[in-house]
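Next come the structures, one after another.
The two complexes that follow have subunit A in common; it is paired with subunit B in the first and with subunit C in the second.
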Partner chain A sequence: MKASKFKRFMSQGNVGKLMWSVLALALLLVFNALFTPVIFNMKIMDGHLFGSLIDILNRATPVMLMGIGMTLVIATGGIDISVGSVSAVSGSFTTVLLVVYGLPLAYCIVVGLAVATFLGFWNGFLVARVGVQPIVATLIMLALARGIATLFAGGQTILFSNRAYEFIANGFLFGLPFPITIVAVVFVGTALLTRKTALGLFVESVGCNPVASRYSGINVRSIKWAVYVFTAFCAGMAGLINTSNIKVADVTRSGEGLELDAILAVVIGGTSLDGGKFSLAGTIIGALVMQTLTTTILTRGMPVEFTRVIKALVVVLIILIQSESFRKRMRNLVWRKAHEVAS
Partner chain B sequence: MPEADPILSMRRISKSFPGVHALDKVDFALQRGEVRALMGENGAGKSTLIKVMTGVEERDEGRIFLDGREIDPHSPHEAQELGISTVYQEVNLIPTLTVAENIFLGRQPTSMGSLDWKKMNSSAVAALDRLNLELNVKRLLSDYSLAVQQMVAIARAVDVSAKMLILDEPTSSLSVEEVEQLFAVMRMLKAEGLGIVFVTHFLDQVFDISDTITVLRGGQLVGNFVTASTTRVQLIATMMGKELKELERGPARVASPDAPGAESLIEIKGLARKGSIEPFDLRLNKGEVLGLAGLLGAGRTEIANLLFGIDKAEQGNVSIEGEETNISSPRKAIAEGFALCPEDRKSAGIIGDLSIRENIFLALQASKGWFRLISRKTQQEIAERYITMLSISTPDADKKIKELSGGNQQKAIVARWLALHPRFLILDEPTRGIDVGAKMEIQNLILSLSREGISILFISSELSEVVRCSQRVAVLRDHVKIGEMSGDQIDESAIMHYIAEGAR
Partner chain C sequence: MKRKLVVLLGLALCLFVALGASAKTYTIGFAQTGGNEGAWRDAETASVNAAAKDMGINLKFVDGQEKQEVQIAALRSFIAQGVDGILLAPVVATGWDEVLQECKQANIPVVLLDRGIQTSDDSLYVCKITSDFVQEGKRVGEWLSKKMGGKATIAELEGTPGADPAIMRQKGFAEGIASYPGMKIVLSQTGNFNAADGKQVMEAFLKANSRINAVFAQNDDMAMGAIQAIQEAGKRPGKDIVVVSIDGTRPAFEAMAKGTLNAVCECNPLLGKIGFETLIGAINGQTYPKWVIQTDGLYEASQAKAALPTRKY
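Now for the complex of A and B:
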């Protein structure tokens, strides 16, 4: 029984790909164990866990949140490059309403998230209804959302001091930084929503073959629309964490470039940019790989400027290893060399 | 049989996939100036043999010689450079590039480091001219029909300095005239000394064009024939590995049409859409098989698409059991108990990366909505029931559907709809590109479904199967429904006369 279950699990296809991202993460950690073991130091203060590993987990949370939404968008065969800007919008609205208008925090957060979600609704409208290419529709939003965030804050960087707001990124729950709880809830919620209902199947079906999906009676348009709305909601939450973290709504910089990290996390996690089968767990690991890489580079005392270059190289490497045809080609090469030597 | 100086000779080729012996020590040889038909049922190993020849798959054992020299192609590109060109069953070109670009993709003529468009376009015209084809090479490939795209693929393949050409079911989507055109080209290439491997399911074509025939069954070589001294019965018997009695008998046609008490299910009045079908009336009774006959592009698929809500009708109406119904999307059609197995299996039928199980219960799930997921246990039961019922050959239901052979994919799509218990099933070329045995199974299935009370609209390019299965036949020509025949009136020559003479 157990054996057959395991076999079925392995045959789902994304497990094999998950293995590669886990392997990449493990390799990074082994590298650290050898060269910067300090990264593994951990201590408990006031009942809270501290250490580089916890830091990595904590810092990866905005990308994990965006990545969870992005996984579904990419699985439908789309892409959303507006998540960074959209995250700035929720930060901007929440902070301005709180600081400038003095409204209750809960209200500000709801409005901030609602505005971000609405931007996703617009993305979905353009992609699913009007038929604009996802990269174009969300490129428009990348500029538009940043503009909205900046305009609403009057072009200002807005500082705040509100303990509840600061708690979002800096508080602790169960001895762990609070954002980890947020991600855990969103991850489990999304996993249940996609795997315990038919949504996951429909998303994969639409990404794999939209025409055949439509002919089978799936509401392709609604599925596509929904994933953009959901991703914007996730980005909104990521924006709150980012803003809370530095206690400033830095509308021009907040979330900048995070769309790339989110997309890379998805890809490293084994979800193909062509759409189809997706793995949420893979995306979480992908986000961890990205953050571990950054932390490793910084801990080794390399200048910050290096991070992007090294990240790029490592990501290329991981993606090549994941590619079956690349591995096949490598095997052939090795095999042929061995053959030549033998003869 | 010892053959003198073959172009291609493959010796004891073996290849296995997990759970399947796709090829078992198969020998194959191709002579200069020879058209060799490669035949066999689904899963016989034809595709695998072709893939080994062209470097798509690595063989497990065996040796390949081209012009007496041992070769070991690792990719289609390598094979092509060696002189082995291939045209695949499903068009493998890029629809968003121009015709000329498609012909020269990857080997575009250049002058002084930049693309020489003039030369490319004029060479493309020349290449097409060789096939007696006149196209605007600057237009996008997608502007042309599937049949023309197929011809462009052939132009691309024969334009390379090829020693041999593999045609993998090139005629599945071609009309009679286009097939003739293709055969003319094949004869010419043959006269030039090219060897041609021709994979097809059309027996007529095999006897028309081939010099020799190689038959595979279950991954093994079961026979080499010289076409001129072989009978059809001999060939089919070899392919199926059994006596032909069951095949010749054929299923008996069910009750005569318009039998007293026949209840009408669907009533169509003046349905039309510009550019696809002129206004037509059509009636379909419960449990009736209505065949649609006509040449490629006559409007058969267009009717199917209108009825299933894929395309919207511009005028006319459809009544179901006397009630006028507006079918504006496939979802609405499904809600009415309609089902459609589309013509283009690969792009509109299968969800390739999903498992057979998922493909089978997909439409049922879609009709139930997203919230209530069918339990894993029920999914498995449904999948297994139809795998057994339609004898889909697969080790288990969790295999990706794209790994199945064409016939088995088709059966899985039929299963997807049967799981919904439809009352009206549209089958658009359900037997295209699948082997004789699977064709018979599908024809028998059509008849048994109709006995259970399901109404069926049956579209096929093969008149013989339309005649065999249908109680009534509607004949189409050039987007116009030109007539109907029923009962004993239905026979192949009558339909062909109808199409040819266009009695209104």
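Now for the complex of A and C:
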């Protein structure tokens, strides 16, 4: 009886993909409530909130920004593995122009973001126009962008001291770290643009079936091109946050490996790598899940040797729970066991 | 037939060696780890470049991107290009036997720079030129124990897992505080030798344990990140929480002058000249002890201001 009820609940088609990532996040928090309660400590310091939960939100912002762009790229059936390197480019240009050339900060930031965005334009050109496979096109950029960032900084790590620049990652607005505001603005803007206009539908349509989309009058090329440009812009902003955070343009190291975190955030958020339907909110949750995991590991002081393995295991679990066919198999298993016990 | 071939090969080898010895400009390959550890490694790379220029050496530089397979590929390409000698800054300690065997067969001496390796056959390389990482850790540990009066709640920021300096400095630090039972390391995690991770780890540590009153960062970049995290938590680095690190880069000396860093054990990165001299000696048949030790000094915050103008890195 119980089993069949459970089965019926689980097989109802309207259980959203989002639910599973929220569940994963909730489980992590419940684990912490039981075993690492210190994570929930929160106090007000110098007029802003201070605590591990705020750290999680704050540290997840670069991956969230990259993830928002990445969600759209993946929805069109593509992938962008250059975001980490591209983020280093904006940090490199902005900092070098500010420190070495002494230009005004606003100008430096605009140029930094513009250069990063241009790299996305190049990615889009290769993918949408030339027809290079996304992973190959952006793999080229992964190396190229890192090279450009390093070259422009002359291979040096560049320190800076500039109140306004430092504010990007270290400032506070509404009692919260400023990067959270940046993400909120980008998220709401992107959500409105994709959900209140037909743009989101076009993106999904291109991801589902580009040929049919083209025949129904959607400019497939432009859509594909645009998502790479937008992702690079997001990566550029993430790069500014990363650089501002440590007050150093660490060109060789900044953003390293973040492309994988961004892709994982999208996947945990329930967007399929096959393209088509996407969930921006899911990606935000996905990024939070990853960062909660990292912060938990650090706060608990787990042995270094285990951290990566633990991360991998948790991510595998989350992705398995999300898989329709895996759940079905587990359901059948539970159901059969229940019957065996009954009979 | 076979014997003829061996003789011919031997002759070719003699000719090659003779040519190598008589040639005035040496071609030397340098496989760097990847310049990814901030100012210290930048200084080392700069020192190798400068020494190559001074000594008229034709330098072939490969950035290892922090990956062993990239460095191994670099070594193989050096062999293919027929370099006279190789400088290697190994990114990890193990797994070098096969490629070093190939270097040995090609009669190309390999000098290890700033890090050692673990191998069953010591004849695979000429020598390693490094600081004594254990000693560095130990000196910092002893200094901290004295400073804290033998009693402290310590957080440790470890380097890249598996890297030689990370393992040795950890070991040395543990030795340094061993005779003071009140010195306790309560939390230890990797900050991957960079500032961003150092900051994030310290941020979490400070929330996990509010009694932390000392930080041992295994390199300066992580210490710089940790100092920021301490400030953001409303505490005073250098006073409320004593911070010590290893390397002695310029930013570290500046931090000491400001009073946010308490002490640093130098780890001299200017290895270019001694590296080339040793390598050229080895090419010409000289032998060296397996470990050529660079001597390092410990600096306290009070000495920082005076030392700052003379720092080269």
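Rule of thumb we're sticking to: the second predicted complex is superposed on the first by the 317 of 343 C-alpha atoms of A that agree within 3 Å, B and C clash if a C-alpha of one lies under 4 Å from a C-alpha of the other, contacts with A are read in each partner's own complex, and residues count from 1 in each chain.
Heads up, the rule we're going with is that a contact is a pair of C-beta atoms (placed from the backbone, for glycine too) under 8 Å apart; a residue touches a chain by one contact, two chains touch by 3 or more.
Note that the coordinates shown come from a computational prediction; the quantities given were computed from them, not determined experimentally.
Asks: Looking at the superposed three-chain arrangement on subunit A, would you call subunit B and subunit C a clash or a fit?
Replies: fit
Asks: Classify the contacts of A:199 with the two partner chains as first (subunit B alone), second (subunit C alone), both, or neither.
Replies: Once the two structures are laid over each other on A, A:199 reaches subunit B alone.
Asks: How wide is the angle at the Cα centre of subunit A, looking out to the Cα centres of subunit B and subunit C, in steps of 10 degrees?
Replies: 130
Asks: Mind working out whether A:277 is in touch with subunit B, subunit C, both or neither, as first, second, both or neither?
Replies: A:277 sits against subunit B, while subunit C stays out of touch.
Asks: Does subunit C touch more residues of subunit A than subunit B does, or is it the other way round?
Replies: Between subunit B and subunit C, C touches the greater number of residues in subunit A.
Asks: Looking at the overlay, what does A:332 touch: subunit B (first), subunit C (second), both, or neither?
Replies: First partner only, subunit B.
Asks: If you stack the two complexes on chain A, which partner ends up touching A:250: first (subunit B), second (subunit C), both, or neither?
Replies: It touches subunit C, and subunit B stays clear.
Asks: Which partner does A:51 contact after superposing on A: first (subunit B), second (subunit C), both, neither?
Replies: second
Asks: Could you look at A:212 and tell me whether it touches subunit B, subunit C, both or neither (first, second, both, neither)?
Replies: A:212: touches subunit B, not subunit C.
Asks: Compute the least Cα distance separating subunit B from subunit C in the superposition and give it as a whole number of Å.
Replies: So the smallest C-alpha to C-alpha spacing between these two chains is 28 Å.
Asks: On subunit A, what residues does subunit B touch that subunit C touches as well?
Replies: On subunit A, no residue contacts both subunit B in one structure and subunit C in the other.
Asks: Could you please specify the touching residues of subunit A with respect to subunit B in the complex?
Replies: These residues of subunit A touch subunit B: 8, 11-13, 196-199, 201-202, 204-205, 208-209, 211-219, 276-277, 332.
Asks: What part of subunit A is in contact with subunit C in the complex they form?
Replies: 36, 38-39, 41, 45-46, 50-52, 55, 59, 155-157, 159, 170, 242, 245-248, 250, 252-254, 256, 294-295, 297-302, 304-305, 307
Asks: Could you pull out which subunit C residues touch subunit A in their complex?
Replies: So the residues of subunit C in touch with subunit A come to 34-36, 38-39, 42, 45, 158, 161, 186-190, 194-196, 199-201, 203-205, 207-208, 221, 224-225, 228, 232-234, 251.
Asks: For subunit B, which residues count as touching subunit A in their complex?
Replies: Residues 74, 308, 310, 330-331, 334, 340, 342, 347-354, 358, 362-363, 365-374, 398, 400, 416 of subunit B touch subunit A in their complex.
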